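Structure provided below as structure tokens; questions to follow.
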């Protein structure tokens, strides 16, 4: 059970979201409110697209480490000096796999980033069949041992780079099909963020239709109308969008749940919500 | 705010106390109930005297690491294969000093082990005066940056090896005197365990007389009378004594608070409680 | 390119071989003489069977960490207090895979330990075909990403527990067959140690018949005849056998190369050398 | 025995010096040529001033970690995306003190960075007297246990911020005086780099006048005249200056030794060499 956030908007320092909010991601590493576990201390990671390259051609940088985020000094330094228009951050609570850098999110392939909260049930039982379905040209890039990374490589295999939502739907459908073959029920729990540097998708789905929490931020214009005297809202740009496992603060009206079995797409400062439907690959 | 335990009795595997109890120390690393923080994930350590050397001549071994105890595989391996008649274990929640091995408890000097829960208030203000009071022959052995280690070296300076309770009282008195000189109020919060391999002392004290929790186990004979059908109580030896920051389980009658401003001494299978009174060095 | 040692004999402290010899394994971590790399600083591990359980029923303990062995304080503590009649130790120089605990040797399955020096050429190209051949019941136990661990699970798949040398020969033959299918030449370089707690095997093989160095110690009786005044030789037991990547010292007559394409078997204080011949699985 | 480099010039990516040269600092972490040790695997660090703030008001960022630099993926990521006009980098070979982040260079105080290669002889004997001389207002900022950090805080105590060369001379003189009082001969070996973001000083000194190697780069204009066809020399700016423990490559004429008992000052694209003379504080 993990926590994550994804940001898209005018370039900001990472610390603005990782450290400064009342219930920032770093605060959630010790005091998550909505998760199964309150502690997310099994490693962390942040991936960011460079400022000045919003054309989607630049590869993102990734910083990942195995200790708890709350005491990591390098993360604190980085968050204070890195500015980005699009970044994803994750704090991990392992569901059994090893605490190691290659199991920390986000995972990267070329200019794609992927992170996940949730789990595949009975993953040790299903892992081999899932791994065998990964395209042979992609297989060597799998470095860790998590279900999350394998879901990424399955989605890449099923066309993530050409049809992102469709590929994630096929990945989910494939996991459910393999699980059915092994008699595993309710196999998939996932909130997933994925980006190519231009677009940001956030998926909320679970086989049992009781998915982990996921929220997206209200449009800044609407929030300014609600809270005309809030100075923060005048500093951030109109196209700011934040998607989070749990809200970063208590500002009324600021956070909206992503509906069950849906995904959000953020692009060019606009967002939209779409249905998510697992499919056969 | 940390959690710790100390064991004295017939030799047992470390895992019997570190992992097996319902509310074991490892469980407390994520879910402490009585501490200021529920999470103690800033490193851990265990120090143990070797089995077969209860003559107090053997130096203890120490295993310390900077990650959370709950996910440390080496600790799990060790706890499964190391047997000891006297050991101390500690899980750390840093109050600001760096998360590094040299700040993990227990600290060792010769055959002495020391661990601490609590803090010296305004430690950065007081640190220099405290460090200068450490005997010049002991000073080079200070490796870390914590108040806890410095308290150990002050106690060693003030005669820990000859008069253990007296030296701890002088250390406490000295800390309070230095604090008074700097206008720092309520400077000391401490529960401390110290051992030389033969004897085990556990101190509970705070300047404000509202000390952190500390419990010692009821005598096994008395517990057997209370719970004649409990099989665990027939496996452990009569001289077993456990001292803990918080109880390892909910067995009625098993745990007794160490009174405010007191210390417990365990020796040769007997324990006694004594008053603790800070003194001028 | 790694360095390793394996010990079988009367129970000794780990430090006797890890730290005390002139060219001990710890010394080799910084100053290897015979390896491709002089530095082996990408993690280390030691696996040992408990003293007093030479019946081959006890599971070994394993201690592994990702930093260099030369500065690891916990290894030093452990080596000073753990006594064992049969242990394997390894210092790693990564050939590309991640520096993480699950990639450190020895690998363990039940009461079996495995460690490896060498490499599979073009491993990223061959990895998927090799992984698919691992028995479905064993597959979930693969935790890391190395060729070495995969070789272990292939050998387990091919009968390691029943016919150890035969299974290693089938593993080697299978790797060579898969490599041939991908046009990879000279695919296998290996010195491997494997044990079940009773017996110890050490293999030296490479497809190109130019294998990495491997030595076994001369019988203690013979050494005593050569060096009647050497006090060390009177302290160790007659059945002592040590197998190493490179000699631990310069005592004339003490170290003998394992011949090319051979393996050594140590059992009940006796050793023997046998031919090694890769085979179709 | 460590290796380091310092760069001042037009803003460049850190990787240009850390990774790309033939004998880059990362290469030196495994294969130093001029050091006492070939391996510098006991942690590393880099401190950089932000691009666009050459007015000396910006605080530098610091990234430090305890593993070997050669396998650190985060350093690789960082070096690929951080651009700076002035940075210092260090790879550590511990001379005995703990391998921990607070012992990694560079050390930072406000906008000042400090790094050191060398040692104070018999440091455990001298440490207390040295530490007591640190100004009480600076003392709490000491976090680690090295001689290097203590030298920094002594220099700060003796006026580093107002008269940098003079303060380093007083620090050296004080160390030598304390050593004399304890009968320690030849106490100081040092090459030191220090910067405030505008200016960069590099000191080469040892009590025995046989100091560790230190080189500064020839002016780019002079190098272009020597090697008119070298394309690299046309890419770097005229004001580029690099100071290193050992040369990054073999370009004839590119590297000049800093003379014994001298320091270099780089400021506004110019450099100058001055005599260094320890002094009483």
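When the chains are written out, they are named A, B, C and D in that same order, and each has its own residue count from 1.
FYI, a residue touches a chain if its C-beta (ideal position, glycine included) is under 8 Å from a C-beta of that chain, and two chains touch if they have at least 3 such contacts.
Only a predicted model underlies this, so the values are computations on that prediction, with no experimental measurement involved.
**Student:** Tally the contacting C-beta pairs at the A-C interface and at the C-D interface, and name the larger one.
**Tutor:** Result: the pair with more contacts is A-C.
**Student:** Return the distance between the CA-based centres of chain C and chain D, expressed in whole Å.
**Tutor:** Distance between chain centres, rounded to whole Å: 41 Å.
**Student:** Would you give the residues of chain A that are in contact with at least 2 other chains, written as numbers and ranges?
**Tutor:** In chain A, 101 touch at least two other chains.
**Student:** Chain touch graph shape: choose line, ring, star, complete or other and state it.
**Tutor:** Graph shape here is complete: every pair of chains touches.
**Student:** Which residues of chain A touch chain D once you look at their complex with the stated criterion?
**Tutor:** Residue list for chain A touching chain D: 50, 61-65, 73-74, 77-78, 80-82, 101.
**Student:** Considering only the defined contacts, which chain B positions touch chain D in the complex?
**Tutor:** Residues 97-98, 100-102, 124-125, 127-128, 131-132, 136, 139-140, 142-145 of chain B touch chain D in their complex.
**Student:** Residue numbers of chain B touching chain A in their complex, please.
**Tutor:** 30, 37-39, 41-42, 66-68, 71, 94, 99
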